[in-house]
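Quick heads-up: structures coming right below.
Shared between the two complexes below is chain A, which has chain B as its partner in the first and chain C in the second.
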Partner chain A sequence: MTLLDVTGLTVTGRHLVVDGVDLTVSAGETVGLVGESGSGKSLTARAVAGLLPKGMTATGSVTLSGLRLLGARERVLRSVRGSRIALLMQDPFAMLNPLITAGAHIAESLPRTGPVRRDRAWRRTEVARRLAEVGIDDPSVSGRYPFQLSGGMRQRIALAAALARDPELLIADEPTTALDATTQHEILTLLREVQRARGMGVLLITHDLRVAFEMCDRVAVMYAGRIVESGPGFDVAKVPAHPYTSGLLAALPSATVTLPRLEGIPGSVPSAGDVTGTCAFADRCSQVDADCGHARPPLREITPGRHTACLYEVRPRPRVEQPPAALREPSPGAPLLTIDDLSKRYGEHTALGGVSLSVGEGESVGVVGESGSGKTTLARCVLGLAVPDGGRIELAGLDLTRRGRRGDRAHRLVQCVFQDPSTSLNPSLTVGATLAEAAAQGTREGRLSVPELLDLVGLPASYAERRPRALSGGERQRVAIARALAVRPALLICDEPVASLDVSVQAHVLELLRTVVRDLGTSLLFITHDLAVVRQITNRTVVLLKGKIVEEGKTPQILDTPSHPYTQKLLASVPPTP
Partner chain B sequence: MAVLSLVARRLAAALVLLGALSVITYGLLVASPGGPEQVLLGTRPSTPETRAAIRAEYHLDDPFPLRYAHWLGDAVHGDFGVSIYSREPVTDVIADRLPVTAGLAGYALLITFAVGVPVGLVAAMGRGGLLDQGITLGSLVLLAVPPFAMSILLLYGFAVALGWFPVFGAGDTFMERVTHLTLPAVALAAAQAAMVVRQMRAAALDLAGQDFLTFARARGLPRTRVWIGYALRNAALPVLTVGGLLLAANLTGALFVEQAFGLHGLGALLIAAVSQKDIPVVQALVLFGGAIVVAVNLLIDLAYLVVDPRVRHGAVAL
Partner chain C sequence: MRGVLAGLLGLAVLVALFGSHLAPHDPAAQDLALGVAGPSAAHWLGTDDLGRDVLSRLLAGAGSALLWPVLVAVGTTTLSTSLGLLAGYRLGWIDAIMMRTVDLAIAMPGMLVLIVLVGVLGGGYGWSVLAMAVLFTPGDIRVIRSLTLAQRELAYAEAARTLGLPPRRVMFRHLLPNLAPTVVSNALLSFVAALVSLAGLSFLGIGLPAGTPDWGLMVEENRDLLDLNPWASVAPVVLITLVATSATLLGDRLFDTLSKGGAR
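On to the complex of A and B.
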């Protein structure tokens, strides 16, 4: 029985963002809506719940078991929201009211009319029951405020609040993106259990193909505001019927094999309004031909329940058979960076409790851990942004721990690429000015010019004129890498450099980092929570847990045969790569 | 625990602040032209006998710290000496004037919030619309008109031309008091309400983009609950701060409005005391004003404790 029926949904703000989306969700079914940032998937979800941001309008048709939602009065929508459609959002740190307790969130969401008397005692037992449903058995949690709970706990509370009025349909918009890998796994498992127990329909919105395939009965892939492919999750994963899906799958890093070459999709996502009359993917497609630009390809049925918006059959991607020696082996010798028994405390909290590690000349070392493991503190100590409480850091014979360290020399030796390129670049400087400024900090001989730096990271020299705002996320991160390499550092620290990038872009940036550090002979200290990424880029890996190293060794060994239970748990929570 | 230590810290800070203020205030007497003796004598004839009497009464022959301690001891007990001008105890003079000013300040604050908060919310809800633009423009105009000019406009319009309100004085019974104070309170509140409107609008706009508000709507919570329990409560903190500061400012600085409406409040008293070099009254008023500011700030901090659990549990510093 079809629960939610979306036909020809179009959302327009200042530009067209969602262009003619058709979608159905049946009772008891989980449907995945997958797409990269800017594909329009979140706004599709918002439009269904009637919660579009101000200034955006939706046309088309959205019905819930025959009840028209699009164009309905706010009063009708309010009676539907919560009781029939629930929306779970991405950021558990922003979704709850900071001023009221976890229990109050659930209590206020409970049904307000019903056969039983709704008194205090009823509410208390009901809140406890709802908490138990989302796996919280400790009744004291109900009296805590959001800021006293972890991200995973908050997401559980939010789920309980969203489900409090027993909706038929749950729209979950990236419910696990802001969480650690192990927490993500727990929440997804919980979501699936609750969905099965209630026989509820779920529309899961995610950018992560692996999550979608693991969780969903059916998957729809969105690109530039439209659906380009849909079908049963298993089929889409095995035989993608659209070149975009196929490209996304190829770009996925794997935690189980080291790929010889990481391939992203060339180019960037067009605006939905610019490609209304053509195939949206034509400009980036490897098998494009004249017909693709003539008319918009309709979503055609290939087999029952399986649709694609591509005119052709997707050619299998050529498998590049290369020897798996893509990663250079470091030359044995004196280590470049030696960290000995490093410790750092913030008040009561121990960020680093005696960490020792070394990075060899030309070696790439991964530091893996979840939030709170101390991995960023480690990076900050090496960079001189935080002063360690104890221990020793030595880089190329220079003691970095002492306070009056020679700043200039240290900065020429070590540089950093941060997570978010949209905030790590000065928005008022052109790319050229940023790079020139960075290069000027280096020694005079062998200084790279701005065009050379841009060429190094695969950007055209004309980009020197642009400001960061005019670049895409991936391009910004390339500039950030070029800036870090401008002084030819011996050690490059990367703190989650691809965590905020889309899959297709992530592959490009990882491949770039891999080749650049190989060509320049730069050592790499790569900090990440993503085991698949660490597999692709590092020779050695250390696993951090609560400020202590629990396991270290060669990356393939650690990922293939983890010995510490924590590493095993981390690996088990990585969704399988199709 | 966090609450107790916070309150204790704030109280200690308040005491230190008042102590410093009292030293400066007492210094006023010493630094006054002609020396303390001359000032305290006022208009009385200056003979060796009267001067000696003054020196003895005010311990002027003692060293400064001892004199200050004497004065402070008396001040703590509510004794600020005798007004040089009227020869009445300073405390009585102030107590006589306080009700008018306190009534005016409270009334003005009431109007400020009753108008400012809803209007600010309405402006934020219709962001960018005609109403929002009108409200923004209106509040700019109100901010630009000085209170005394506003007083004269109101007096002319509502008291002289329309005759709805009395022109002069503060009234005797409660109802009279209310009608007498309405125009002054409006004059005082106009610019302040404009400030609260701007503050409330900014706070509400900031909130409108927050996920928790969308999530509340997505759960189908009643509109009143979303607006009061979510929007208003979260926007309350910055607005509370402004409100407290306004109250303190009203109690001590409503002198223009008091002058315009012929109200015998603290503002008028301060002006008279300064022009008559009535130092004991000035001292008491300065100390009183300082105490008000300190007390109001303390109250705001306590309000933060009540409203925001993050402060209550010491998760964020105040």
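On to the complex of A and C.
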């Protein structure tokens, strides 16, 4: 029975953002809406719930069991939202009111009328029952405030509150993106259990293909505001019927094999309004021909329940059959960076409790751990942005332990690529000014010019004139890499450089890092929570847990035969790569 | 809208600079025979009790009414921006000392101190302007400091530090341009506060000697003439309000455009 029926949904703001989306969700079914940032997937969900941001309008038709939602009065929508359609959002911290306890959040959402008298005792038992449903058995949790709970707990509370009125449809918009890998795994498992137990329809919106394939009965892939492919998750993963899906799948890093080359999709996503009359993917497609530009290819059925918006049969990509590549092995020699028994406390919290590790000349070492494991503190201590409480850091024979703010030689030895592409570049300086300034901090001989630096990271020289706002996330990270390499450092620290990038861009940036670092002979200290990324880029891996190293060794060994239970748990929570 | 605001302020600046040349009459020339008179062809806004032309006095007074507040704004902004950046960026003891001083300064009843100071030190706007700059600065230091604290944690600022750039360069080349929206709108707010406060001081008879053409002073001197020639005291009030409102609104608009263009 079709629960949610979306036909020809078009959302327009200042530009066209969603272009003719057809989507159905049946009761008891999980449908995944997958796409990269800017594909219009979140706005589709918001349009369904009647929660479009100001200035955006939707046309087409959205019905819930026959009830027209699009164009309905706010009063009708209000009676549907929360009680028949519930929403679960990405940020569990922003979603809960910090001044209201967890229990009150759930109690507030409970149905107000029913056969039983709704008194205080009823509410208390009901809240406890709802908490138990989302796997919280400790009744004291209901008395706690959101800031006293971990991210995973908050997301559980938010789920319980969303489910409180027993909705028929749950729209989950990136529900696990802000969470650690192991927590993500728990929440996804929980979501699936709850969905099955209740026979509820779920529309799961995610940028992570692996999550979608693992969770969903059916998957719809969105690109530039339209659906380009849909079908059963398993089938789409195995035999993609659209070149875009196939490209995305090829760009996924794998935790089980080291790929010889990481291939992203060339180019960038067009805006939906620019490609209305053609195939949206034509400019980036490897098998494009003249027909692709003539008209918008309709979503055609290839087998029952399987649709593609590509005119042709997709040529399978030559993939994985290549022998797994071995990363270059560093020549054994004196270590470049030696960290000995490093410790750092923030008040009562121990960020680092005696960490020792070394990075050899030309070696690439991965530091893996979840948030709060101390991996970023480790990087900050080496960079001189934080002063350790104890221990010793030695880089190329130079004691860096307490370098403070003195401008010594250290900045020519170690540089960093930071995580967030939206803040990693100064918005008021042009790319050229940023790079020139960085290069001027290096030694005079072998100094690279701005065009040379841009060329190094695969950007045209004309980008020097641009300001960061005119760059995409991937391009900004490229500039950040160029800036870090401008002083020709011996060690490059990367703190989650690709964590907030889309898969196709992520592959480009990782491949770039891999080659550049190899060509320049730079050592790498790579901090990440993503085991698949670590597999692709590091020789050795160190696993951090609560400020202590629990396991270290050669990367393939650690990922193939992890010995510490924590490492095993981390590996188990990586969604399988199709 | 922004054009209108900027136009109004531009006009005010022109009048402030060349007001005494534009005046149709000598602002100090008395015509006791005429006495208080309402608007006429010769005197558009009428005359005050000494028969002086109100319009001419308004034009001639624009200079002192507007230029002193500009000085206050420039002084306050320069002082608070550099000190706020320094405290927020260097932290440690510099920050501790500066912030405790700021706390003390904010705890002082500013206007009272000003009145006493000017009363003791005597006439002229010079001292009031200096005192006002000192009084306005602490609040602005706090604002700039807190913004600096937020900016210095961002990746681009950390990258600049990692590159080994000297603190001065990080503060003024990297952080300052990103504080520009606040700095600019704060400067306009200081201007408005100074404009209104100086007019208030004049009204209280503190500051300029009696008889000087000045907007605040005119309100005070001519308030007895409300029933004979209301323009004599209403016109300066209207002008003060108009300039202050345009400056505040312009500050708002500039903040919006600069923040959006912060990443031009």
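Heads up, the rule we're going with is that the second predicted complex is superposed on the first by the 565 of 578 C-alpha atoms of A that agree within 3 Å, B and C clash if a C-alpha of one lies under 4 Å from a C-alpha of the other, contacts with A are read in each partner's own complex, and residues count from 1 in each chain.
Just so it is clear, a residue touches a chain if its C-beta (ideal position, glycine included) is under 8 Å from a C-beta of that chain, and two chains touch if they have at least 3 such contacts.
All values derive from a computational prediction rather than experimental measurement.
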Legend entry - Three-chain arrangement built on chain A, chain B and chain C clash or fit: fit
Legend entry - Which superposed partner A:385 touches (first chain B, second chain C, both, neither): second
Inset, instruction - Give the angle at the C-alpha centre of chain A formed by the C-alpha centres of chain B and chain C in the superposed arrangement, rounded to the nearest 10 degrees. - result: 30
Inset, instruction - Scan A:67 for contacts with chain B and chain C and give back first, second, both or neither. - result: neither
Inset, instruction - Return first, second, both or neither, reflecting whether A:438 touches chain B, chain C, both chains, or no partner chain. - result: second
Inset, instruction - Check the residue A:334 against both partner chains and state whether it touches chain B (first), chain C (second), both, or neither. - result: neither
Inset, instruction - Using the superposition on chain A described above, determine whether A:416 touches chain B (first), chain C (second), both, or neither. - result: second
Inset, instruction - Check the residue A:81 against both partner chains and state whether it touches chain B (first), chain C (second), both, or neither. - result: first
Inset, instruction - Applying the touch criterion given at the start, work out whether A:469 contacts chain B, chain C, both or neither, answering first, second, both or neither. - result: second
Legend entry - Closest approach of chain C to chain B (Cα atoms, Å): 5
Inset, instruction - Could you tell me which stretches of chain A are touched by chain B in one complex and by chain C in the other? - result: none
Legend entry - chain C-facing residues of chain A, complex: 383-385, 405, 407-408, 410-412, 414-416, 418-420, 423-429, 437-438, 441, 467-469, 480, 483-484, 487
Legend entry - Contact set on chain A toward chain B in their complex: 49, 51, 54, 78-83, 86-87, 89-91, 94-101, 108-109, 145, 147-148, 158, 161-162, 164-165
Inset, instruction - Under the touch definition given earlier, write down the residues of chain B that touch chain A in their complex. - result: 127, 208, 210-212, 214-223, 225, 229-230, 233-234, 307-310, 313, 315
Inset, instruction - Sort out for me which residues of chain C touch chain A in the complex. - result: 154-167, 173-174, 177-178, 180, 262-264
